[in-house]
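The same chain A turns up in both complexes below, where it pairs with chain B and then with chain C.
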Partner chain A sequence: MEKKAPDSRRNILRANLTAYGFLAPAGILVIIFFLIPVLLIIYLSMTNLATTNFTTNVSQMEFVGLENYAILLRDQFAGKIFFNTVFYVLVTLAIFNVSLALIVSLLTMHIPRRAGFAFRAIWILPRITTATVYIMLWRRLAVEAPYGIINQFNTLLNQPTYNYLDARPWEFVIMANGFIGVSFGMIIFTSAIESIPKDLMNASLVDGSTIMQRIRFIIMPLLRWPLLFVVTYQTLSLLTSFEQILLLTNGGPGLYDTEVWSLTAYHRALSNYFGNAQWGYGSAFAVVLVIIGVVLAVIYMRVFRFNELVAEPKIEVL
Partner chain B sequence: MQVTIENLTKKFGDVIGAENLSLDIKDGEFVAFLGPSGCGKTTTLLMLAGIYKPTSGTIRFGDTVVNRLSPRERNIGMVFQSYALYPHMTVYKNIGYPLKLKNMQKKEIDERVNAVANTMGIGDLLDRRPGQLSGGQQQRVALGRALVKEPDILLFDEPLSNLDARLRLTMRGEIKHLQHDLGITSIYVTHDQIEAMTMADRIAVMSGGHLQAFDTPEALYDRPKTLFVAGFVGNPPMNFINVEVSASNGHFVATNGNMSLDLSKERGEKPATAGNSVVMGIRPEDIQIAPDGTVPAEVFVVEPLGRENLVDVRIDGESILLLADTKADHKRGDSVKLKFNMNKAQFFDSKTGKSLLWA
Partner chain C sequence: MNKRLFSVLLVLMMAVIGVFGSQAQETVDITIRCKANVQGGEGWRCDNFSEIESQVEEELGIDLNLTLIQDDIGWEDYKTEFLLSTEAGDAPDIILSGHEDIGSWAPAGYIIPLDDKLGDYPEFDDVVSTLWESQKWDGQIWGVPQDAEARPIFYSKLLLSDLGWSDEEIESLPDRVASGDFTFDDMVATAQQAIEEGIIEEGFGYWHRGSNGFDWLMPYYAMGGEILGEDGKLVWDSEALLRVYEAVASWVETGITRSDMLGLSSSEVVYPAVSSAEEVLFFQGGSWNWANMAKNYVADRGGNDYLLENIGLILYPAMSAGTPVTVTHPLSYMISSDSENPDVAMALIAAVTTPEANNRHAIDSFHLGILNSQVESEAYQNDPVLSSAHYMLDYTRVAPNHPDWSAWTNAYWLGIQAAETGASTPQEALDQATAQLQNEVGDNITYK
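What follows is the complex of A and B.
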């Protein structure tokens, strides 16, 4: 039988076309919903588009180069907002999205199956509850007496009452976001623990481990990849999330007390005081966030050797 | 370590895993739990390991009731079908893991791991990870890990099922040899009756969560007490034929249609009292194709096994398996005459499934 030349141009072209065909649906979505908006926003960030000189005609927008970035660097609040963001992301990630998620999945995997399932279902509620409704619950918990639930207990116990959103804004911002974040890690960790072969779990007990030793020596090392994944994914997701903070404290109670970077981008561009929306300046904030996100993603992929963690394709390439 | 199981029952909700098991395992004995999947053999093994808690009944190791002891308090070693090696640890760490959990000194761990690895012939693999080993090597590591803490009891859960046929044969011999040398009481779960027959001192045959028989391989083969045991032990399996056993003037005959087979007094006396609800069992090697045979039959299929041929013949449409010499060269459709070695025939009550000879 005559063998086809493996490197004939037609064959390569055909193979590539097939590959691009399969990539197309995802590729088109990425282009429409990520790449084009990013390019638009990069352009917007180099204009001074605001309410006062509003236009939808791109050619009439006033190009100002990197001036918005220069203003941003001189912005006396940019530093505070930046460190707010770092604090918010790290603390939420460390306490809730990783640690609590891990604890919840480990605990619910060591109790009877149905009970574990029920508890995990409860933990998913914050995520599937609409942000506005969910934040209403937190506000109701935190507000001043006589409406605030915590304060009702304070009153009962003859303790002074507070508006907790004023007194402890960060605690509530982090808890409100953290309780949503737990479910993601919980689902990932639970399925990872569940996929550890039963024999392996039994072998450790027979070898003489306690339940705690089994968690430490067997389960945790085998959760390395899901842990890395959750850290990576949740850092990026926390960096860009702001709707809960917007609804809970709107960056307050004082000047930029709980303002994070993505919320600033929103405030500048779409919801400035006195109805003066600065689309150009807000876009500069957004572009900085995109750059930080992309840089972090690249670092994560390098440090965690993402390529090695991706499984070999199961489909034979013909 | 002597192991005593009394009235052991395990239920998962309404599902019975094992029911009312009682058996004594002597110190140093090699016992196989044999049965088809779902018969409760692994459930029983996991109760011995301490993974499952019994619903009722008692398990004794020596004189100690271990029902409530956790696996780590039982000093057992276990080998799994999947090997269950920890994928993130090297071979050295895998074998050393039980010792590390005992807070043993590094130096002593080192000595014992090396000693066991050398016994198992895997001394040069200590730096590898399980993923870099062949199935046979993995099984040796698993065995080494089970042995390193010098357990009182060794538990095997179908350890050879994932190996290829040739390696299975080698490992079978090695495990038997090792167990004999070390004298550790061993319990070996398998669905493969050849494994059970070749390795075990005694075999506990299980089915449907119940113990069917507990005896030496020879006894199970020659004097099966139930229809299930007779059918499960032996390969190719025993043939079963419905017969009527009758006695006249001290002569005993088993009849089925036109077939009539003479029996000795020892074989025929008891079945004759059971009337017409008798199942006769006869092993393939106890039937010959011979010119002076009395039962006419037709060759249906001939399966060459190399050393001999497995021949499926039909008597009035009923399938009978027998082993024949390869030289005889039987062909599909041949008419042949069968000779039954009736001194090896088994008889069972068709209703209770109990043996009429060895009750």
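What follows is the complex of A and C.
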């Protein structure tokens, strides 16, 4: 027994090393592309780096502590931009990225296979279209008469015309982003539904279940893991995406009406018409976004009981 | 070796050295970066360097390898690109940008002062002297003006005629504005009258720039505001600002300006509507808009001739300060501190600072001339638009080159957005803008 102990420890060590070895590639990627950038951004947010004192030499940057965060807290529009972000993420996520994605995947799973494939391919188009071209199409739809496509129909039908990007900015921002987001959830949900064992479906059919009953009692419970993944991933994706809003409304019209947090970080750090970009202050906005993202990810994991989802099966699977 | 053979060999050696020596002439790589709307006639900003390349090669006895990079990306991206390329040690030798960037780039060390080099080239003596003011920071000159412009108000002769104005009244409007007889209030009243009489739709009386920019300095100056104090600090003049915010709010309230004017797409809505001269009575634009409209919006109606017949240009009429104004925003050639050949870069800039080269740009893009001899040249004088608008330089003001200018103008623009969209009252807009500026730059600004 005494002789076996070192062997056992060695085996455990070897097993652990093997596990870490397999984890290493992903771990290195996370360190390089997430951890180090986050640490850099946190440091940048504590400097006053701007166009007038710009340098890539970290040691030459002027450390100002939490001054940028103090300025951010005193910013009279930070609250409005924060709630804009919450509204934009929640509505886009709820209506498009989850609900519509689920509806599209369910519908296309219940029609002939080829037709379903064709429809899903069409829904993927917004995602694979270049952002600039995609937004140009939306602008062309929304712009006022006689140039806008919607307004051309309004004119034909003797209805009043509008500058939709001014009159309905949020609707267009959410739709433009939502239609891109649908495809992601649709693919995940479709593959998850496909992988549900046929036995379960057949058994429910034998029991005389309706489509709605199958969705409610078989499909939905088995989609918890993909739902967690889609909700988490898409929340973080929406929190950090701004390019469509930048191209569509640039945060307007009016006073920060569709400005979201990540767009403000971009406006402050990278884009300034008069050429004085505030890298340090913009980084403070970005750090707040990282914190919100991490907190939300933890909350989602609790709500969806992540630990149970990844727990080892209680019976041995051969 | 006899003397004759020695002489022959010597001559041969010298010939060989001469031939190969000249072939081994130094090659100098110069990269030039320009922002230009080529379709709008601005391509000469970079293309002029191709025209004078061989001339400079001959003068300096070098081979030039010019790389000209020219496109019309947004100013934000353009400036960020220069910033990052400078940090990477790969900045272009010559960068064309707004003179206000001197206020940020000079203290950061991205560009070099040019005072020592200017004296070597008589071409620079010809530059309109007032334009040099816009090239200064900290007592030194950091750029060479490339162009100048006015930001006039375009008025529709067609619509004024419909309103019952006589030809004489229409044609004399620029003079009446310049003399202060026709004020901004008169312009607003005219626009209101045109709406009341059904000549134009509500909201089409006065259009202005829909985004932040130098144009907005005009109402501030016209209301008596000053920007640069004697102590070198920027000035935030609350009284002038409040008047501006009251004015922009009233434009929408009285119905002469559209409520969605801010953010309205220029290319999709503004230029087509203004260039037809049939929809918008007054439009505050930039002189270069004229060339763009002639080439790209009314080309099928006769282009420049159509515009000349149906649209006129006036200064920004007098507001409470009592005098009309306009603003010019000279673009400048600057030399990067990364450049290994700043003297060659300077020679190139001098070679394009001539009446011939600059007229190509001025006439094609309707930018005002920057050289005294250019303004007097036959080509410039024969251009009906340039020659009729050049007087506006006498009324022009410029923005300061100052590190805090960006924060100042962003706060000012915040107030304009707040007041014009009705999100805030003019007084609230002023309070919000002031709070924004104080939060970001504190006491670096003089608050009046």
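Note that the second predicted complex is superposed on the first by the 288 of 318 C-alpha atoms of A that agree within 3 Å, B and C clash if a C-alpha of one lies under 4 Å from a C-alpha of the other, contacts with A are read in each partner's own complex, and residues count from 1 in each chain.
The rule is simple: a contact is a pair of C-beta atoms (placed from the backbone, for glycine too) under 8 Å apart; a residue touches a chain by one contact, two chains touch by 3 or more.
For clarity, every value in this text was computed on a predicted model and none was experimentally measured.
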- Query: On chain A, which partner touches more residues: chain B or chain C?
  - Reply: C
- Query: With the two structures laid over each other on chain A, which partner does A:Thr210 touch: chain B (first), chain C (second), both, or neither?
  - Reply: first
- Message: For A:Leu222, using the defined touch cut-off, is the partner it touches chain B, chain C, both, or neither? Pick first, second, both or neither.
- Response: first
- Task: For A:Phe33, decide between first (touching chain B), second (touching chain C), both and neither.
- Result: neither
- Message: So in the superposed three-chain picture, is A:Asn163 touching just chain B, just chain C, both, or none of them (first/second/both/neither)?
- Response: second
- Task: Could you tell me if A:Glu144 is touching chain B, chain C, both of them or neither one (first, second, both, neither)?
- Result: second
- Message: Let me test your reading of the model: by the given contact rule, A:Phe117 touches which partner, first (chain B), second (chain C), both or neither?
- Response: neither
- In the complex formed with chain B, which residues of chain A make contact? 197, 199-200, 202-210, 213, 217-218, 221-222, 224
- Footprint of chain A on chain B - complex, ascending: 46, 49-51, 70-72, 76-78, 80-84, 86-88, 97-98, 101-102, 145, 149, 155, 157
- For the complex, which residues does chain C have touching chain A? 75-77, 79-80, 83, 87, 97-98, 100-101, 104-105, 107-108, 211-213, 259-260, 262-265, 268-269, 272, 403, 405-407, 409-410, 414, 417-418, 421, 423-424, 432, 435-436, 439-440
- Task: State the interface residues of chain A toward chain C in the complex, per the touch definition above.
- Result: 51-56, 71, 74-76, 139, 143-144, 147, 163, 165-167, 249-250, 252-255, 270-277, 281
